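Order as written gives the chain letters A, B, C, D, E and F; numbering starts at 1 within each chain.
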Amino acid sequence: MVRVDGRTPGQIRPVKITRHYNKYAEGSVLVEVGDTRVICTASVEDRVPPFRMDTGMGWLTAEYGMLPRSTGTRTPREAARGRAGGRTMEIQRLIGRSLRSVVDLAVLGERTVTLDCDVIQADGGTRTASITGAFVALVDALAHLVGEGLIPCLPVKDFVAATSVGRVNGEVVLDLCFAEDSAAEVDMNVVMTGRGRLVEVQGTGEEASFTREELDRMLDLAAEGIRLLVDYQKKVLGPELAAQIGGR
Amino acid sequence: MVRVDGRTPGQIRPVKITRHYNKYAEGSVLVEVGDTRVICTASVEDRVPPFRMDTGMGWLTAEYGMLPRSTGTRTPREAARGRAGGRTMEIQRLIGRSLRSVVDLAVLGERTVTLDCDVIQADGGTRTASITGAFVALVDALAHLVGEGLIPCLPVKDFVAATSVGRVNGEVVLDLCFAEDSAAEVDMNVVMTGRGRLVEVQGTGEEASFTREELDRMLDLAAEGIRLLVDYQKKVLGPELAAQIGGR
Amino acid sequence: MVRVDGRTPGQIRPVKITRHYNKYAEGSVLVEVGDTRVICTASVEDRVPPFRMDTGMGWLTAEYGMLPRSTGTRTPREAARGRAGGRTMEIQRLIGRSLRSVVDLAVLGERTVTLDCDVIQADGGTRTASITGAFVALVDALAHLVGEGLIPCLPVKDFVAATSVGRVNGEVVLDLCFAEDSAAEVDMNVVMTGRGRLVEVQGTGEEASFTREELDRMLDLAAEGIRLLVDYQKKVLGPELAAQIGGR
Amino acid sequence: MVRVDGRTPGQIRPVKITRHYNKYAEGSVLVEVGDTRVICTASVEDRVPPFRMDTGMGWLTAEYGMLPRSTGTRTPREAARGRAGGRTMEIQRLIGRSLRSVVDLAVLGERTVTLDCDVIQADGGTRTASITGAFVALVDALAHLVGEGLIPCLPVKDFVAATSVGRVNGEVVLDLCFAEDSAAEVDMNVVMTGRGRLVEVQGTGEEASFTREELDRMLDLAAEGIRLLVDYQKKVLGPELAAQIGGR
Amino acid sequence: MVRVDGRTPGQIRPVKITRHYNKYAEGSVLVEVGDTRVICTASVEDRVPPFRMDTGMGWLTAEYGMLPRSTGTRTPREAARGRAGGRTMEIQRLIGRSLRSVVDLAVLGERTVTLDCDVIQADGGTRTASITGAFVALVDALAHLVGEGLIPCLPVKDFVAATSVGRVNGEVVLDLCFAEDSAAEVDMNVVMTGRGRLVEVQGTGEEASFTREELDRMLDLAAEGIRLLVDYQKKVLGPELAAQIGGR
Amino acid sequence: MVRVDGRTPGQIRPVKITRHYNKYAEGSVLVEVGDTRVICTASVEDRVPPFRMDTGMGWLTAEYGMLPRSTGTRTPREAARGRAGGRTMEIQRLIGRSLRSVVDLAVLGERTVTLDCDVIQADGGTRTASITGAFVALVDALAHLVGEGLIPCLPVKDFVAATSVGRVNGEVVLDLCFAEDSAAEVDMNVVMTGRGRLVEVQGTGEEASFTREELDRMLDLAAEGIRLLVDYQKKVLGPELAAQIGGR
């Protein structure tokens, strides 16, 4: 089988992460996965939400947005509609949980890191690209805090990256572009750490279902893709920073 | 290991579904899973959302709510806050997708079935109890349409039920009550059909991660639990209705 | 004249109040008046709204909601519409005022009791059933505070209950069901105490008017009905609790 | 007993209605009751709400607002708060019902009359002053339709006016100003027609209750006050228009 | 050229400012410019917004509203629509900036003055009439603070007034009424001080443009008009108050 | 005087416009003015707002947004706050009016062009950069319609561009960066066409005022700056497209 963009079933799209994309944010990247492009900024603020006050622990949260014309036809702006929709909320909760799973919030202290993931162009996999890119922005922001002497060491326990996998026309494929995503019978997002542990598995059969064997095949492909993404994150961050992640 | 309520790791809580709980709705149940209680009503309306107009096909959607004091401490009413929160939206999207996976919307015709799942008392697993109960309310509503001669046959391709599974204190357990859910390192919701096919797998490690082996063990336990739930659905619906589901 | 459900003009529908309906709330009932069913919970919180702060006095407020399919055709959820409607606000203000009229808020101390009245099934008289039921939930919640040693005595000055009365096809009738309510030329809600004093009288002629004599007849019928409701509240609460109400 | 502003218990405040207060509206007045001042405009539009479409009948609705500094201390603007509050909704529903009770909506045809009652200065009784004033604006708007040949006759079945009455320091008084209203144990709004029939009776004991005898006394005083208000409405409208009201 | 209401191109409409229009506000006027009528109230509160706390400086802000039938056809109420529109926000920001330009907020101390400008009848130039009228209400409110001994002197550095100017059918005219405003190719609002300094110049060519020469001509006319408006403000405030403005 | 970034008072910052920045939009650019970066997309839809229906004419509107971390400290997302703020509305109205001034909406036919201007990084002058960039995106979108044979010719009457000018520390300077903007006593935005006609002049003295001479000097500087911006627009669009603008 040849895919719409010529890839093999188990092949991910070209990935590119540009660090320091924004001159204000403590950490920021432009992440590109194929034609999907997301700006991720990590902002550090010296306050925590009420449920963390006086605990000595920090918080990490994420917000997600799409520019109106990041999509094939223009999508109305959520600010104009007066509220974030269900899909947006679902995605920003997913990004936040995924990144919290590898951060030591006790070391962070009573600070909040907000990861803003804004989609400039959407061609499938915007939520997984957001996680993969936001991780790099997060490391930069935390390294900045270390550099300022505000925290003693990089509080990052492991790498984390994400990809999508699905069943399209009966075939299991990795890293779906928009055309594939629209035609998929099963759609799964997988978030894994650098050590290969699972953080999130969200498999969905919209008007369809799937077998345990298909699930297994999808998880295998996802694990391979995420391994490549973590390798790329290491390269982009450079050996010095990478060495401090999940250290002894 | 003995669980907080005396169950074994692989044991589900007592389940009870009371049909015809509401005199107005086309289908309605009170579903009880342990101390979790949810009223599910299925309402049929002769209109479809814009994206289904003039397609000849129907639609099925779900809404979810919690009474303010369904929880240990009072939760503010979403109508008072002016919008449904992210968790609510995530849950009602899950319920809708799960039930759509077993319904033939072409047979339904240009009608909308709305499943309202309102939690009267919450003790863990409200979203999975909602799916299990709403399925029965849905079958009753569709049987009502058959009875009225509005559709030719019951457009239900299979049973569908759901349960939660997770890792609590390092041990994999089935059907978490609220006390377990609060302490869980990993939390997974699984939706399966009567034939044992997967519809949704949503596994989450909040500030934790899990191995592929743990995932497998959780899926095994969930499959066993859902088998029992489907058996109970069959019993509650009675042989005549059950026989029409997924028929030839 | 025989009414739609066979009652005489001055006859109320069967009433049933089930106490301790919810395992979390300090007080909770399921109240049934004919086919009208409302869950009332009383939640106690250790804070007061700004206008009561540092006054040593407590506050009591009510919220009211209807499940979407509590009605003959499905009513959109207020959380989805983004705000509580005018009718809802009017009703919750009425319930709050009615219950505050018999509670000694100075004895309550700086606490807030919130009465949530959620209509499971609506067949006329939901606001008056809410008041009658919420009173019992309130007494249970306040008795709980006495039992915990948090307040010295039950701060309830009198019983309070409510019913509707109206003019249907020119005849004055008590406790209107939905079919009667829809056809009523005049609709009145009356709230009275156990000693027979009036707390609220809300008589409305929608596209109609009424004479002073009709008003008098309606008030007489309402007083009789409320007498029966208070007798039933006493029975449900039991002699021990009932004896503490209105005692000096 | 002498009241705060020197009136006797049964005395209403000076009333003044200035017609044609606004050059655009089909009917408009400035109504003054003591220091309470309300601008009432009646706007006619050639459309009806969905529930009246294709019925041949019209609709009449009311909206109510207060300028931010109509009150002793500035009240935040409801547009800034993003929604109309409960009290506002309750009042606009009351004004609408009261005026609908005397209008023949079949003669009006498929048109909507909107009565906007905007309080310029509030000194008690703003909702009853709104009803009394809006009636005059409504008659002018309907007479305008007659004058344009759009409807055959003035579709007004009777006069309608309103006043408040209450118990202050144990004494029953008519037409409460703000100082009295704040101190009232019982507060009642009464709406009556020119023929002395009741349209609305809304009596409320906030943290208090009242006897049937007190209710009777309050209704007697209100009837007297409303008689004077209707006489004034007749004078303001002039004999020609007044003669067309309630005519067969 | 003769204008729609008979004025010459450089002639402003009759202006009238009635002081002390509201018995509660610290300062209040009814300002009339032709048929445009606006109630302006100045309310003083003993608190400042967060960005001014602990600075010793005060704040001045403005809000603007239109009664629904202040316009030729009824405009829906912003409270009903749930938010203030873009035009409203633009206008209230303009009014606030204009008045802040002549007030010494350090002398005001940590207080907020809110100018509410509510349009009773709109016939063009409502925002400029609001500025001209609100200035007088503001002076009265600040003089009230001086009279109460709360501030040492009138913190008003200069007079400020505003008018509109535009190009209608190719001709530059002053103080546009609604009919002219609707037909204008260019519309400009000018705010100037008593000493003839500019505070705001907002010139707009909707689907048109204008030359520098036209801009100059418009500014000349506006300066003449504002000179007359300031003269009138002086007369209305009286020599004693006027003398304290912009004093040494 | 040397400015914070070394420019002379009359010098604009480096400008760069990258066309075809987005693969979906009919027209799109990334515009950079110094460190200010804005993505502008032009989306064409085959419908018009109600007030243009059945007129044969098109519409052009603009929306404006800022990514949360486009600013020095993170700005909350407007979708989270539930509404667009006053500043946002003011800016999008300005952009829309400016571009409409040079488009022949009759030639466009019943289509709507929406210009989305999303600020990626804000360093002063975001609204004027939006206008300058959006013009190029607009021309590309309209040329696309010509290319598709949907409209007969490019309906663009002239170039349009914008810049800011202001008084900082008593000196008039062109194209303010954020540091200058924050310190400016007077801030003016000027929109001009390629032929040097004015479209918008918005000069504001926040807590300050300015003379007619200063206004003249600011307009002179702005005219020079806009001349350079239009030259750059011509170069970026290329001679073929540029020749079609405003030509007959």
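The criterion applied here is as follows: a contact is a pair of C-beta atoms (placed from the backbone, for glycine too) under 8 Å apart; a residue touches a chain by one contact, two chains touch by 3 or more.
The model shown is predicted, which means the values in this text are computed figures rather than measured ones.
With steps allowed only between chains in touch, the distance from chain D over to chain F comes to 2.
Among the other chains, E has the CA centre that is most remote from the centre of chain B.
Put simply, the C-alpha centre of chain A and that of chain F have 33 angstrom between them.
Between chain C and chain D the centroid-to-centroid distance comes to 29 Å (mean Cα coordinates, whole Å). Centre-to-centre separation of chain B and chain F, using mean CA positions: 51 Å. The mean-CA centres of chain B and chain E are about 60 angstrom from one another, to the nearest whole unit. Multi-chain contact residues of chain C (touching two or more other chains) are listed as 82-84. All the chains close into one ring, and from chain C toward chain D their sequence is C, D, E, F, A, B.
Of all residues in chain E, only 83-87, 89-90, 92-93, 97, 100-101, 105, 158, 188, 193, 197-212, 215, 219 touch chain F in the complex they form. Those residues of chain F that touch chain A in the shared complex are 22-25, 28, 35, 39, 41, 43, 45, 63, 65, 67-74, 77-84, 88, 114, 116, 118, 120-121.
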